[in-house]
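Chain naming follows the written order as A, B and C, and within any one chain the residues start at number 1.
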């Protein structure tokens, strides 16, 4: 009654077989191919490569600051009034500040605080934001969605810098509290992003398939949905590193973040600003360092976005 | 018909794409032509190069990554690949119109049908640019009436979302014909629609192009649609034109093993079971097989097929041509014919 | 072929609320995606459901899978009500699996084929050796074992759909819902997938609910066919009957619209019925028979009363829902009542 064209009947035993070594080799090759393809896409844009190079350079400088910096002692409480306020020279490439500290060394140490700021804030913010967005997106239309997203909206409706300033000014001004303040204003952005993605992904057939097979909610959220938003999340993280560092520096600039004599870049700009324009190097070089670090992360973020969008095509 | 000059003549066209890991040799020296007033089908499966061909004709391939190492595309005797921007705009405005598969994405959802139709008419040519508003509106109304849409006045003020899929496809056809083009390229028209609606749209399209004596290229992967609507068919496989024949003859007596395989794979309304299809898959464009690109899947592959790219041979007469070594010698053609009779 | 009934669908309705009227008198606006559908599927058969987009055929598949709850009516599997419990028990989930239309989105792009196939095994067969099972499943569908480390994007469309079939078989189901399994595939690949389905049905004794808009495929695969139009079944017949002797005007219109490739098939197309008119919006269905706006044989009664399913007097349970065939007396009475009220008004 149904079709007449009959394929050859298969034998009951397994027709194909393969050794575990062979399987492992194929797995490795697939990995290598994926990496090669990704790098090709990424490297097509020289700006992305530049961004990655900047980020790597800054990270290395931050880690090895005591070795790289010409005058590591200058990052600690230190004064040398004999060589105060010297313009850039071979000895002090970025010049010295009003109490004789080498600005280059302090900038290199300043990267440390900026990076710590960015990493700690995002490490706090991303898991929380992603988790809330994931749950709210998956349970879209239920009370969970309503509660989570309205709270998110409330946080989003307050101007972020003002919120951070308010929180930081209530607390004791130091780096830890500055990070806390920025974290409190930052998580809703991730919730929004992930919420949007999750509410689309939950209707994809592979998610429906997992549901009809009987998979648990945990599996669906973490193994089916989450891996498919890794790309936009990482792109956002990279772009946000720059932003968080700027906000952190802003807080330091107004005295709510890193406290002198610790060499925060924002703090250095603030204390150097008094000597503008005559002794411009005291404020300008730390400011340029901020530009440098933010630029690096932004270019990297753009590159990642291109990479991920190409991967999907 | 062969005494005429073709309105579109593609000669030995190759298109390559530079990508990660090498070069995709997508089009591999294709020949293709359309005579005035002729309805030509271009059939092939996903990834065979149909869309690349179409984009090359309109010169909308992004370069890079696309590279055109050789070949020419003559539209009314002028090489599209070397045209000035000005002439190119004229050609796209007045010479060639497109009908896309999905009428929903072909129309801009934020403008009314009237606005879009009038913009198409206005920008078709410098003369139209000087027409008065009411004259253009008049032409838009006419265009809608032609595609059998009642109440054009109301339609002109409607947004695409207010229309059904079938109506949208009719609007797209009306829009394509509104500039009075000489060549119409229809890319899978109606495939996104339901079969009863698709049938209506295809009959309408056919009636209009017959009335207006337009040349048409119908690009599709559905053999049945080609059989219903075209005069002559090109069959494309992996960036090669493998066969061309008058439609009737192609369906009665497909010559190329790929065409034969494709026809056999179509499930029949008359029953008879489902064929296995063609074994294997379309080759990679990065390392296409040497010789005939089909030899890896061909049931009749011979040693020569692995060495040389088959030239075009004639079956019966000039109108039926096939790129396959099976037709190299007259006795082989004879053998093939007997086989056909036996089947 | 007259085996026992595996799946019984009884007066199934699914109405989606798509909006509300007015501000003060808020009446829900509904789309009757499925509106009173009954049929039964026998063990080991391929029951085909044909229809155009919006006919409700996929909604029936999704209700069967438990993705939606029915508005009313029910589906029973082996006599067990699929919706008796709020959450379908794992044991029932195991028995009915689905293969979706688009193999691109039905496989998680971030998971390897191995991970994709392991999920149903972990849930339904936790004690098995998973690697061996994955290799066995791939073998069952004729894919070499090294495919387990590939990702969906490395496979062709046909291969992806074959993986989706293997995943559906991983729970060892008895019913498989095939929702347009080859619509997204090229014709030269389609045959391979369809023949695989035929072979698996024979080897594993599967029952298929096969949903498609492609009548040519249906002709060669189904044992019985139901045709749907705007949420209702218009005609049900054994495949042979359905194609050689279509009774409902809509079936005839659909058959006559198919592009075919041979004269032999051309002869099968009912010449008299040519496709006209638009498919009405499912939000605003015509009164009476919903097909009357496009029907070449339309009569007054069609505009007043919706016909019921009747036996059309052919062989083998051939039924159609059309006024061309003698309707039970209550339909005629109803028609008169409507006519009278219209004249009175």
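Going forward, a contact is a pair of C-beta atoms (placed from the backbone, for glycine too) under 8 Å apart; a residue touches a chain by one contact, two chains touch by 3 or more.
Since we're looking at a predicted model, the values are computed, not measured.
Colleague: Let me spell it out: compute each chain's centre from its C-alpha atoms, then which one is farthest from chain C's centre?
Modeller: A
Colleague: Out of B-C and A-B, which chain pair has the most contact pairs?
Modeller: B-C
Colleague: Using mean CA coordinates as chain centres, what's the gap between chain A and chain B in Å?
Modeller: Spacing between the chain centres: roughly 48 Å.
Colleague: Using mean CA coordinates as chain centres, what's the chain B-chain C distance in Å?
Modeller: A distance of 33 Å separates the two centres.
Colleague: Spell out, as numbers or ranges, the residues of chain A touching 2 or more other chains.
Modeller: Residue numbers touching two or more other chains: 3, 5, 7.
Colleague: Quick check: what residues of chain B touch more than one other chain, meaning two or more?
Modeller: Within chain B, the residues that touch at least two other chains are 272-276.
Colleague: Could you say which residues in chain C touch two or more other chains, in rising order?
Modeller: 194-195, 198, 220-221, 240
Colleague: Using the touch rule from the top, collect the residues of chain A that touch chain B in their complex.
Modeller: Within the complex, chain A touches chain B at residues 3-5, 7, 36-37, 40-41.
Colleague: So in the complex, the part of chain B that touches chain A is made up of which residues?
Modeller: 20-21, 272-276
Colleague: Residues of chain A touching chain C in their complex?
Modeller: My answer: residues 1-3, 5-7, 9-10, 14-18, 22-23, 26-27, 30, 204-206, 208-215, 219, 223-224, 227-228, 230, 312.
Colleague: Which of the residues in chain C end up touching chain B in this complex?
Modeller: Within the complex, chain C touches chain B at residues 52-53, 156-158, 186-192, 194-195, 198, 213-217, 219-221, 240, 243, 253-262, 264-265, 268-269, 275-276, 278-279, 281.
Colleague: Under the definition above, what is the set of chain C residues touching chain A in their complex?
Modeller: Those in contact with chain A are residues 1, 46, 65-67, 90, 93-94, 97-98, 100, 102, 105-111, 119-120, 123-124, 135-136, 138-139, 142, 144-146, 148-151, 154, 164, 167, 170-171, 194-196, 198-199, 203, 220-223, 238-240.
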